[in-house]
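One structure follows; several queries about it will come next.
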């Protein structure tokens, strides 16, 4: 006796309802502003970057001198680009190997909600909200061989003035120090947030079962905050790919172009030298790199933590 | 109602007042014309100009360093030839070398306003202290000896702003001029005699490294900015400072005291000649700027009128009187009183050839490469041969 | 011997005194249930026994040894939490095994014990699953399995069934009772569900605001509540607590009578009442009635009684089942 | 007229058919309760009536009008959700008022209706509070208030009491019954608590896997379950469902007997049994016993019976209270 | 409690203090440096100043340019925040609440923005801004800044909106409330925490942004403070004390703002980032 539902009728009825309850209007009113802004100022420029990257163009007039993949070839053969890419990798490494463990260790020390912990949390997070340029300036003062803090200390110890930022061997180490200084608090906060959501009773259960503090960390807390670690690592990598503002006031890429990252390389060799096509190609390489990282990352880590 | 917009790299207050005054005077003479100045900081100016020129906000007249940049701008069609618009005979008041900087294929696209020269500013108190007689320094070898002597006396021989790199490129440029003679750059640009891999450029690198091997600069010079270095020199931190004549006032302001070195402790030393140059004729060439103005294609004739007005003998002379810069127009430097300016003006007048800074003259990209290799040479992380090769590569791929 | 003795235990959090001064003996092998309203300190007491919380004063002895300052893991206890507290990233087997691994029990023995526990709890088929792939009852079993393998002298349970739905709760309750019978260990069990308390306990401890109101066998507590609080707390539907005047005794502050101890007639009785709401539950019928001068009275009748809201009834409390309480709420031992 | 009629309603989510084909009439003014195990489609059905979900086929009529494709707000219904779904940023008054404002009811009338609803639900003192400042029971009342003011023809409730604790649940249950009496509207109520179903309903609808198993008055369903499923589902403790051989009837697939319909004796009876677990609940005692060849049997006895686990008992089912079911699980109308 | 406990706690505190001093020392040196003469900075960069010279701070505070920089930054930051919140929340609402064809694809499209910095497209971006005639206006920073913030904002918003109880919408819907109205009347007011979080992040980012203003702002009239600071640094390059005073005065608002908003930053990290 069942008469099958008429799919056409119900489809039409559905549409009529969608119109009358404002679903369609909502999509048409609420979505476009963001999409237009995003397309106009993010995706279009990105596409244009890709276009420009096939030209040898100094920014004057319209790009006309089509050079195919020459820009890419030059970049990949440029020793400074290798240094810059290497430096970027170093920042990734230092973020993953030094910064994140430090942040995690600190988070474990202060994740509980007490007034002292709140104070330390505040202090550790402070550098993160400082502007990169301000941080760069502050640290260039610290490292200033004539005036700075290191100078004071060196003088106090009776050493010669040290010029950390002008020493090719040390300048990048200094930059990485600043980066750790600036961003470890951010990662720490992510861990703290995650640690606070670890159910207390699981920790207690482990204690009753005889777990020592380190064992609780290893077997209960860290497995629990694995998603947070994945997120923080993702931020660390994407962030490392984007380091720019800190370097400008500190070394401006010097000495001998030893402290460039990919973005300062782009800025210096693309923008300030008016090799717009060249710079755009760097941008494209950076973008492709970031997307690759993101995709791989999602494949490997995010999936596993979801399960 | 016509509006003339003028874009200028940021200047100090006195210079700004000077420009405003000229604008007012011009407006007073020309009903219905307004002149407005805009100022942009140095680095930003260079990176922003190309895009600005393509925009509707394109200035009518803008500050320029001449050279290759003008050529590129002309090629892109941003500039307009102004010969026909200038008052009769106006061009004759300006030295040929100056006009050349704004000329592309025999057409004039702008006017020079002033020339500058790069010299060794010298702190005589320190040289005296070390027993160095700067009058006696004739050759590069003499200079190197003096550097050694200063070092032995515990005086920092030279201060340099290595972080900005361009202060170091003066050494390489000057040495190349001295080694290769006046035409060395234009020949290289034309691709003759091995281009930038010509022996003269390699020799320049080698000579430069002879200097840097003495470790003549203040410690940490490579992380020192130009401004810091100039302030340090004014504070008496070193005996020499290779810098343009324009630094005379600013270095005072940058000194800790705000006073700088008294005039009687200050001297000017021309860049010494090399003893056995690769090609002859370079010993009397000068390096510096021929700074001036270019006229964009959107400018009304009034803009050129204003430019000519700004450059008239009266205004040029006034600038000299106020010691703002060394005017370029023939015979307008006569009212200057500052001994250093007068000396520089004489140099330029006597110069066999005035070479514009290479980092400007060769365009942004090649220029930056020269700055890079200069810094690398100074630190000994690059051989003279590689340096020359890199410049050539950058030139090829301009 | 795994008797648990609490001697003069007190506990404050900051300024708040949760347990003023508490003495309790939990006999070896007994199933002792702590009941009481929310916030009365049941969990705190359990956590003091477990060692997760230190008492502010007093001492805890387990099996004759003073363990007041001992680490939780050294007390020979195990604990099952309300939220199960399973480790979500470990399989069932790993969850059960974890404590043994920490204790460095040899691998062969660990395996044997885990298998045995899984057998007892019918978890064999789930050993490789993660907790998130289990139902509520299965999770609860894993939590218990984790306790069992450690072979503790004392099991502690903090509302272990309160996250389960009614049907599962009943089932797990029966399983727990059987487990106690087969393991023969001391069990201390916190709940605020009185059905659990009544059905599981050898010994019920009724708490109120950090103090023990009554300790006794379930039916003792049910039949002879020592205070008006216990009388009202134990039993469902609640005991009717009426003013003493309801039975004409001015010397009695409150008189208690359980709903099932009131007779109903349509013609004669002690109190004339009006039925307000009649709930027919199938097996029995609950009548919420109003008696003038006495107040609301709940009556429970067996089977399906055809009564209607608004009807007039006559109620007669059974005199032998009256509970009398004095001004202080204490039981008066003379139901004359 | 606000009779609700569902005609050949079907519903699938993607490939999953939740309701295959359902017909139901809810009489005007009735209190109809939908019960059934979790996931059987109760909420889905309610949401189809409300218009929140569109049926895949069939039609919905409310008060004689076909509303299958009508907007929810135009159907003359209101709905109370399990989680109350109060608007957290609005006061109680605004919460109750919101629907009226959207319907552009004149201000004076809105005010009057809100005041009236607040009076009925004893919410007058809380009108300016935010939901977060209310207790669970008060929140539930606000949710009901929000329904009342819209003066719907049909009230829909989806497990409105399941977030409340036991005591409050009992209280709100009584209040709901009174509300139904006073408003005289049609109410459709979803629950999986059978006490609620038994006590509130005029008409119980028992569902299983998207189909209706039985519709009827509560005591009808209790006394004469039409299927074995209904027999097992309604009643607590559950009805014993035993193989027909237990009473020597090979033609009967299953025989059902409620725990309270089994007599117990220590000496004679139909079945010899061993008590496994004895639960003394105070007012009654539940015995879980094992009978050879028959299986587990639950028996409920009034009062406090002093039985012990392990004891041997003799059980006698009351013959007039046997329920017989055939192979298909359908009731056999011959309890001979 | 026990001795072991105490020792461990002391060790913990000691370690925390060491890290804290590593974090704070540069900032402290900065703040104090603003009170010292240049000569004193040279000899005593870390310690307390011998004399507390306030004129360096004073001279900056009395410089109208300083206040103009701050004002510009404030306008631009607030503009970016408001625009991001409104457009981002509206879009996220649609993504969270309404299922329609292509919604997932559009969402992934927007998420692409998470992955690259301004720098990759800064030049085309400049040309775009220029072609729209926005150079040297506040909009030149606000619009791209907003566009670049949208990805993260929409991600966080959507996660939050999806967690709002579905029944809330259904209850309102039965009351006769449509989608757009629900967005204004319910979603926005109920999302104060996440609005605050995203707002805080966008504000801090915009307040600190350097590269974008550097490229699109030419006129000192519209300079933001990081530009002003770099300009100032260039002018008073050997006078570290003035620079340090300037830095201190510009980071103070950020710190004050942070103290006020830290709750939301933390909440955002818990609620959005970690789950996202």
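So that you can tell them apart, the chains are marked A, B, C, D and E in the order they are listed, and the count of residues begins at 1 in each.
Criterion: a residue touches a chain if its C-beta (ideal position, glycine included) is under 8 Å from a C-beta of that chain, and two chains touch if they have at least 3 such contacts.
Protein names from UniProt, one per chain: A = Sugar ABC transporter permease; C, D = ATP-binding cassette domain-containing protein; E = Carbohydrate ABC transporter permease.
None of these values were measured; they are calculated from a predicted model.
S.K.: Following contacts chain by chain, what is the lowest number of steps it takes to reach chain D starting at chain B?
M.R.: Contact-graph shortest path, chain B to chain D, evaluates to 2.
S.K.: Counting C-beta pairs in contact, which two chains come out on top?
M.R.: So the chains sharing the most C-beta contacts are A-E.
S.K.: For the two copies chain C and chain D, what is the rotation angle that overlays their Cα atoms, in steps of 5 degrees?
M.R.: About 175 degrees, rounded to the nearest 5.
S.K.: Round to the nearest whole Å and give the separation of the Cα centres of chain A and chain B.
M.R.: One centre to the other, that is 41 Å.
S.K.: For chain C versus chain D, what separation do you get between their C-alpha means, in angstrom?
M.R.: 28
S.K.: Using mean C-alpha positions as chain centres, tell me how far chain B is from chain C in Å, no decimals.
M.R.: Comparing mean C-alpha positions, chain C is 93 Å from chain B.
S.K.: Please compute the C-alpha centroid of chain A, do the same for chain C, then give the distance between them in whole Å.
M.R.: So the centre of chain A lies 54 Å away from the centre of chain C.
S.K.: Can you tell me which residues of chain E touch two or more of the remaining chains?
M.R.: In chain E, the residues touching two or more other chains are 38, 123, 127, 173, 215.
S.K.: If you look at chain B, which of its residues touch at least two other chains?
M.R.: In chain B, 47, 51, 54, 232 touch at least two other chains.
S.K.: Find every residue in chain C that makes contact with two or more other chains and list them.
M.R.: Residues of chain C never touch two or more of the other chains.
S.K.: What part of chain B is in contact with chain E in the complex they form?
M.R.: The touching residues are 38-41, 44, 47-48, 51-52, 54-57, 225, 227-228, 231-232, 235, 254-256.
S.K.: Please output the residues of chain D touching chain C within their complex, sorted ascending.
M.R.: Counting only chain D, the residues touching chain C are 166, 170, 173-174, 177-178, 193, 195, 198-199, 218-219, 222-223, 234-237, 258-260, 276-277, 279-283, 288, 300, 302-304, 309.
S.K.: Can you check the complex and tell me which residues of chain E touch chain D?
M.R.: Within the complex, chain E contacts chain D at residues 165, 167-168, 170-177, 186, 189-190.
S.K.: Can you name the residues of chain E that touch chain A in the complex?
M.R.: 12-13, 15-16, 19-20, 22-27, 29-30, 33, 38, 41-46, 83, 86-88, 90-91, 93-94, 97-98, 100, 106, 109-110, 112-117, 119-125, 127-128, 143-144, 146-148, 150-151, 154, 173, 178-181, 183, 204, 207-208, 210-211, 215, 226, 229-230, 233, 240, 243-244, 247, 250-251, 254-255, 257-259, 262, 265-266, 269-270, 273-276
S.K.: Taking the touch rule as given, give the residues of chain A at its contact with chain C in the complex, in rising order.
M.R.: Interface residues on chain A, with respect to chain C: 199, 201-202, 204-211, 215, 219-220, 223-224, 226.
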